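Below are structures written as structure tokens.
Each of the two complexes below includes subunit A, the first together with subunit B, the second together with subunit C.
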Partner chain A sequence: MNDSNRPPQTSRRDLLKAMGFGGLSLAATPLLNACGVGTGGSTGGAANGASEVSGSFDWKKAKGESIKILQTPHPYQQSFQPLLKEFTAKTGIQVTADLVPEADYFTKLNTELAGKSGEHDVFMTGAYFIWQYGPPGWMEDLKPWLENDSATSQEYDFEDIYEGLRTATSWDFKVGSPLGTGGQWAIPWGFETNVIAYNKKLFDAKGIRPAETWGDFQQLAVDLTDRSKNQYGVSFRGSKSWATIHPGFMTQYTRMGCVDYKSSGGKLTAAMNSPEAVEFSQQWVDLAKHAGPTSWTTYEYPDCTRDLGDGTAAMVFDADSATYPKNKKGASREAGNLAWHPGPAGPDGSYATNLWTWSLAMNSASKKKLAAWLFIQWATGKEAMSRGVQQGAFADPTRQSVFDSVFKQTLGAFPGYLDTFEKVVPETKIQFTPQTSFFETTEDWAVALQDMYSGKDAKSSLDDLAKSSDSKVNA
Partner chain B sequence: MTTTMDETGTREHRHGGTGGTGREVKPVPAWRRRLRPYLLSVPALLITVGILYPFVLGAYYSVLNYAAVRPTPEFVGLDNFKTVMSDPIFWTSVRVTAVYALVATAVETVLGVGIALLLNRSSIVGKIFEKVLILPLMIAPVIAGVIWRLMFNPQFGILNHVLGLGSTFNWLSTKTALWSVILVDVWIFTPFVAILVLAGIRSLPKEPFEASDVDGAGWFYMFRRLMLPMMWPYILVAVIFRFMDSLKIFDHVFVLTAGGPGSTTRTLQIGAYEDSIINLNYSVGSTYMFLLWALVFLTARYLVSVLGKAQKRAAGSET
Partner chain C sequence: MATELMPGRKRLTTGSVVADLAVIGWFVFSLFPIVWMVLLSLKTSAEQTSTYFTFSPTLENFGTVLSDRGTALTSVDFTSALLTSVVNCGGAVLVSLVIGIPAAYAAGRWRYRGSNDLMFTILSFRFAPELMVIVPLFVIYNQVGLFDTKVGLIWVLQLVTMPLVVWILRSYFEDLPADLEQAALLDGYTRRRAFVMVALPLVRPGIAAAALLAFIFAWNNYVFPLILTGSDNSTVTVAISKYLGGGGQAYYNLTAAAAIIGALPPLALALTIQRYLVRGLSFGAVKS
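Right after this comes the complex of A and B.
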């Protein structure tokens, strides 16, 4: 047999060379794939579907259809999951709920909406996301649906939903315009006010009460910190995320008289570097250093509520509905020992509070818009919301009638929860100025706080932030 | 069986031997023969298209101003490259990525080679460790990030408890975060280097070592003069894999720090993710990815050329 007839053999050198190029391919492929983000590319959203619905209203109008909804596992979703069969019985519409963990939820949602596939007809969203999803036309304007008597039951009382929530999910996407203008992009489903949850058993043992002023609050948190016993005063978010800014920080920032932007002539000017904002931001970061969790820059809300539930943190400044489950029997070590307080008032007595609302929105690329609207209408209606509160862990319903009639009855074992809610709710709204670069500029804000935490000068950090934010929000 | 070709090039098969029937096999039509190479290359072509399409799309986006808030993008030439490269945060990401890749690869290589040399000695312990060592590689880096995040937690993490650091030492502070995420990388990927190098050591010819032994050479002399030059190509392959992989690191770093505190651990991949997925600014994200691709490509080309030279040296064809 001559050489040409030999089966091809791979030499050691060829193998090594192939492995070397294999390394190159391995390294390059994910990079190339990652370049293909957002393959939508088309303009605007589909036409609004409300005008196609006529005749008298009937829950069975879309009988036989199937819709898919995208949700994140959350007490709101978990409270409604058992009720879905009741919706099917009422409407004849089948519902499939796809769940994505909250850490990945908006990544999944962003990618799906950008692709305009219309895979999910309805999705859970927060109000800030409307500012980003609305301009490219990814969301259906629900105002025409609300105004169409053929599509909306006469019993559906939209005005029953708290005003701050209705306006939070409505905007015209113009720089400088306030919330409450333009379309209704989502219907509020559940919401959160940002207040103090504290370990009442610990406070009672020490004979102390929650602080009423910002200065007293800082001192109290420091006094409750004993690192040798692995106990600290107050937990609040600090991770590199927009979500660090919106709960406790934005609430107290607003109470101290600070604003994020000033609007004039259709142009926004960043005000995070105003003297009062610099002073407060430095105090907030110092509070994190002296009385917060040691790894504050990684802390997200589950970390905060876990430390409260474990007894490591004496207080948490975050969403009331996030701390609420920790007081349920068996949910944490400190279950039954927690209580709520509005937190420190501002110098002028302000209890201005920032809110978060989980809302239901319709994908503008949906092919089953009537069925999708009937689902949203049912889920945000009085009947289903009352059942969710009664049967599940649905805290802070968005309808005043449900809050007053059903939710109040569940608050017996939650000291201070109702008083706190009633104290802050008149001044609870989105305290941010709406703008389409919200996530980018607000994450930059969190980065500025982290830089200050690392020792960078507060004024220069916030000056840099204001400068970059100015260019982004007015672009 | 014999095969002959007729004048037209048609292949004709005949079965030989006394028991053969000698039945003629129908000749393959010429059009099918011409089509066969194309059909065989279809899977590879599909994979290539699957890789090239997003690449070309990403390159195209990088010269547009495409973002969610601008669904009708315009051509902006190299503006995105100018903007990104004039932003200090980009150069911070380049520095973080380079330090991460260099330190992680160096530590993993040194440790991996050391472990491979220890495992090469036949012993029961070595054989057990060989199996156990592979375990970190079985864990997805994202999961490893979650596990290490719990272990790093100063309030209840096991590391501070075991090391007696109390609740005040922060593994993910500005000063320590980069080194901590590198530590996790080392934990996951050192076994990869060790196993690759161990396979290389075991494939080396025994004769030169036996000859040296007969000549009375010591272990260190044999290691330095014989083993190291011969296993150098294998070490380089491990270095190429790990260095390229480290340049595009994302998963466990994102889980542990999301690129923070501040921008302390913001690698190029995290920068691209922030722009593309969080901020929905596709063109800026694609520009980041394109620059990272260029960095990976050029580095890989250089390292592969170094590998080629090392192979020649190991084979004795180049001095």
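Right after this comes the complex of A and C.
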């Protein structure tokens, strides 16, 4: 019996560790942001299974096996669901997809990974979660699989996946190291850039165009706000969550020349309280007050896109893939009236954009690693991704060849979508500094913005944030 | 006088009218979420996030939830999830009654050193945060093969149902005069026979109330089935939540329709045993 087929044994130490990682973090918050893990590389995971695969590549190599995948309901998942039978026909591998709603997805996933059960062989994950799940050894490094010609088809063109996405899912888990170093912990499957979606019908009626600079953008949003008619200028997230920071805020923050941390000698120094960061953060909070949703501090992306779809919000600064479905016929009141724009450029013309990628990763405790890898390889391959895009709701594909061929053809009724994408994609990457306390420190950041929203001095809030972040990320 | 002939009838005063209006207002306020859920279940996807009351009602959402279209969206057959919940919750309540009734009888009849501590230990199972115990439970369930099984869920639901049954029924047995069983013992009954033939029939309303409450709490439980089941044994709460979706696509209308269907079995159970409930819920509430 080789290592990859051996059931993982859970010792008392493992159990305690799992309780520590899983239980404490779950109790603290559903999104695990209190979970602190060590740094300095993978520990405790099962042996990598790629070296066990030899001989010529064959899609039927794991014929007869059954795998389970853990997913959250999402347009990506829904686009692929009808295609699973094609994978079975191609490989002889049966696939069972378990869905968990997004709000509870990472609670379930964290429990499973911490428990090392190997119940699900493949799972959907975001890039930031790699920084938490990778160090304890819960994820299989896919680089050896990519490099093994016996396991990976010659036609699988990994370089075809946008570079910013390939590096987003790769890290060596060392404080101060940039992304793109170390193992390949997941393969990007679908992704989103954070840009402006706006109500084109409203803009056309008023004879206006989206703003090109940050100053104009703030003014435009205020001008479009009429509280007496329950209409406001721009919607963006404001809830007490790390997810408030990563879309519009981090995108514009970066475009304005701000950074989250400065790295020197393997140590990170928080820079959220730099003069330019304080000025921008105050402007962002003022924008929320004067031109944002009235209950901004509870707002998450479904609230933002709902308001855009209802015609309550004139603009949304969030993921393009989240606003994309609202323009589908019958999906919202304003379906057919929406358009996209890159958003305000920075003072130096920067269109730096933060991304989110739903990726496919392998559970290191999986007992069917070859079958799991064949599934990941198939789902992120050119053929299946093209078929997924043709289902009609897969935005954005991670492969340039698929974007340029199949996806472009679907964008006829989505004004500005393609231009926006092409404008920002060269500068689209994860704009955060990777660090293992990401969820905790980034939620603290959202709390600091909320404090400012309720009247606390910006400099004082961000000084406190920087101080606490310094101690957490270098712990 | 009429008031003497109908002693229960109150005089109409300004205060009583204001109080009644306040009660009606509170009633409407309390039920509004349910009204909104019903309205939402009748809306199309395009109208689901609107806040206006004028829309074209449709029953299509109920059809979707109960058909293959719903299964395609959530990967769970909602009808199967309903049946799984009925089996799990029914089984959990049955186990709790079989073990909990004798336990409650013993706790209500005998005092011994540490009896209160034992009762509070049982109660603490109910109030322990589920997320704090879920990781070790998950590990154990995987190792002993109980993951994604009905037996496993019935077992873990004892944490929810058992404390309710034991605590509710203990107060019933405490209120039952011990003389009745003493009389039966004098007539030659064994302790077990006195319990079964005398005490048990007298606490039937309490058993009905405890069983119903335990069933409802088990039915509403979300965390245990979310973590401890997979695709084979999804319960109704997990199945409903899957309609909330993600990635900018949420089916609030389908979620509302699923929630309404999901509320029917406990409602039907409550109506079935309604005649026991009024007496059962108030019995034991006031100590003599």
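Convention: the second predicted complex is superposed on the first by the 431 of 475 C-alpha atoms of A that agree within 3 Å, B and C clash if a C-alpha of one lies under 4 Å from a C-alpha of the other, contacts with A are read in each partner's own complex, and residues count from 1 in each chain.
To be clear about the criterion, contacts are C-beta pairs under 8 Å (C-beta built on N, C-alpha and C of every residue); 3 or more make two chains touch, one makes a residue touch a chain.
On a predicted model such as this, the values are computed, not experimentally measured, just so you know.
Contacts of A:D310 after superposition: both subunit B and subunit C are touched. Once chain A of one complex is fitted onto chain A of the other, the partner contacts of A:R333 are limited to subunit C, with no touch recorded for subunit B.
Once the two complexes are overlaid on the shared chain, A:A114 sits against subunit B and subunit C alike. In the superposition on chain A, no contact is made by A:V259 with either subunit B or subunit C. After overlaying the two complexes on the shared chain, residue contacts for A:S437 are found with subunit B alone; subunit C is out of touch.
Applying the stated contact rule after C-alpha superposition, one finds that A:E102 touches subunit C and leaves subunit B untouched. Of the two partner chains, neither subunit B nor subunit C is touched by A:V222. In the overlay built on the shared chain, the residue A:P293 is in contact with subunit B alone; subunit C does not reach it. Contacts of A:P73 after superposition: subunit C is touched, whereas subunit B is not reached.
When the two complexes are superposed on chain A, the residues of subunit A that touch both subunit B and subunit C are 19, 22-23, 26-27, 107, 111, 114, 310.
Those residues of subunit A whose C-beta lies close enough to touch subunit B in the complex are 12-13, 16-17, 19-24, 26-44, 107, 110-111, 114, 132-133, 135-138, 227-228, 230, 239-241, 293-295, 297-298, 307, 310, 312, 436-437, 439-440, 443, 447, 450-451, 453-456. Across the complex, subunit A is touched by residues 51-55, 57-59, 61, 66, 68-69, 71-73, 149, 152-156, 166-174, 203, 233-234, 236-237, 240-241, 244-245, 247-248, 256-264, 269, 272, 274, 276-282, 285-286, 289-290, 292-293, 296-297, 300-301, 303-304, 307-308, 311, 315 of subunit B.
Subunit A makes touch with subunit C in their complex at residues 10, 15, 18-19, 22-23, 26-27, 68, 72-76, 78, 81, 96-105, 107-108, 111-112, 114-117, 119, 301-302, 305-306, 309-310, 319, 321-326, 330-333, 335, 358, 393. The touching residues of subunit C, when paired with subunit A in their complex, are 44-47, 49-50, 72-76, 129, 131-136, 138-139, 142-143, 147, 226-227, 230-231, 241-242, 244-250.
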